[in-house]
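Note sheet for the following structure.
Here the chain labels run A, B, C and D in written order, and each chain numbers its own residues starting at 1.
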Amino acid sequence: MLAVGARRWVIADGYLPAWSQGPAPEFTSHEAACILNAGADPANLRLTVFFEDRDPLEYALRVPAQRTVHQRLGELDDPEPIPPGVGYAYVVESDVPVVVQHTRLDSRQSANALVSTLAFHATEETP
Amino acid sequence: MLAVGARRWVIADGYLPAWSQGPAPEFTSHEAACILNAGADPANLRLTVFFEDRDPLEYALRVPAQRTVHQRLGELDDPEPIPPGVGYAYVVESDVPVVVQHTRLDSRQSANALVSTLAFHATEETP
Amino acid sequence: MLAVGARRWVIADGYLPAWSQGPAPEFTSHEAACILNAGADPANLRLTVFFEDRDPLEYALRVPAQRTVHQRLGELDDPEPIPPGVGYAYVVESDVPVVVQHTRLDSRQSANALVSTLAFHATEETP
Amino acid sequence: MLAVGARRWVIADGYLPAWSQGPAPEFTSHEAACILNAGADPANLRLTVFFEDRDPLEYALRVPAQRTVHQRLGELDDPEPIPPGVGYAYVVESDVPVVVQHTRLDSRQSANALVSTLAFHATEETP
């Protein structure tokens, strides 16, 4: 299968819920960047995380060929964790085409809530 | 990082839930326009809010360079607040490229519900 | 404001939940086609509803200039109502550009669930 | 009506919840690939399912002309079922234009959660 997708993706609504209810790990509140690399070459990605009141942070990620990675964003820790309970946004840049979808499971109340959004693929960029 | 996104975005389903359950401010029912300005220049935005049975309203908003703003729509008050419990829609216009995503947290019942939608970026506009 | 959007939109997952919990009308389970007509001319729309095991049905709808309509799909009745509890899909065609977003509120269990999806705008059609 | 949509679609966040609460079949946790074939010819589809730690699997599916199919992904069984409780992703390829939307109903806790996402249509592919 050929590589499919785009090399730059954007999620504007990130928010790590600060607590959880229900059995771990399934019901631990979290956000995941779900990335598909359908192509024959590994994907090397840079995630740039933007905040409301501080400078951006950069993270590195790798997705093997013909694999998906569902990366929990609260588990990134290099250079430092994304703090819970604050709004953020992020840009994913890849050296090969990938597809990025963002999902949040919020179990702060007695029944979990879910959101999932296809990221914006920045083909239409206007520098 | 270069500016990324588009200069016009549309959300067709706005609705501010009229009441809440659970601790404030996390579980106060709300809608947020989540905007990323990844570029080097501040973004000056105009939000035009459309209703089912009255003329549109216009609001101004600013997003600093390399920052995200998660603007709660129920907190806009100039020229006047968007009323809760009615359907609305809105168009975001920016002087630099941004990305817009819309999220609703509805805590009117005992467990919260969440929706989040990437806005329509109006590149394909057909005047 | 100029007209914004596209003339053809598609939702592939329609499903009217067959019952509700909580006070009406806010918590009556429903689906809505949320349509924005930001332009200066009224929009005349045709909705074609597709099913799994029967022929399509067609409905007419009108959205005034500079207005949004959040049309509950379960309230369409000409030529006949869409039955609850079955999967369907629909295509919206408009004579002027509009934006279409689809939302479901499912209150069949004790707390409501919400989904909202920007429709597919069929610019990329390949006849 | 003309065929509408695209011939390749991608969902990056698949996850079959491993258990359910509430009456079957409505509240059985599931994911569905909702596909609309609005055109005059049947659609023959190939679904390629990608995992985090094993090679992809391929499934075949058919959508009649002018019909929608809401295929529960947990019911595919040739060559083998998709296992519950693990992250996956999938690519849909069709011989005629279709529209694909992905929905998850998660009833593992006392009230169901819903997500639905338009798939990425791979027009912008960069091989």
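Everything below uses one rule, namely that a residue touches a chain if its C-beta (ideal position, glycine included) is under 8 Å from a C-beta of that chain, and two chains touch if they have at least 3 such contacts.
If you're wondering where the values come from, they're calculated on a predicted model, not measured in any experiment.
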item	value
Copies chain A and chain D touch via same or different residues, half shared test	different
Rotational angle, Cα trace of chain A fitted to chain B, multiple of 5°	90
Chain centre separation (chain C, chain D; CA means) in Å	21
Chain B and chain D: spacing of chain centres that average the CA atoms, whole Å	30
Junction residues of chain C - those touching two or more other chains	110-115, 117-118
For the chain A and chain D complex, residues of the former touching the latter	1-7, 22, 26-27, 32, 34-36, 38, 66-70, 97, 99-101, 103, 107, 110-118, 121, 123
Of chain D, residues touching chain A in the complex	8, 10-13, 15, 18, 48, 50-53, 55-56, 85, 87-89, 91, 104, 106, 108-115, 117-120, 122, 124-127
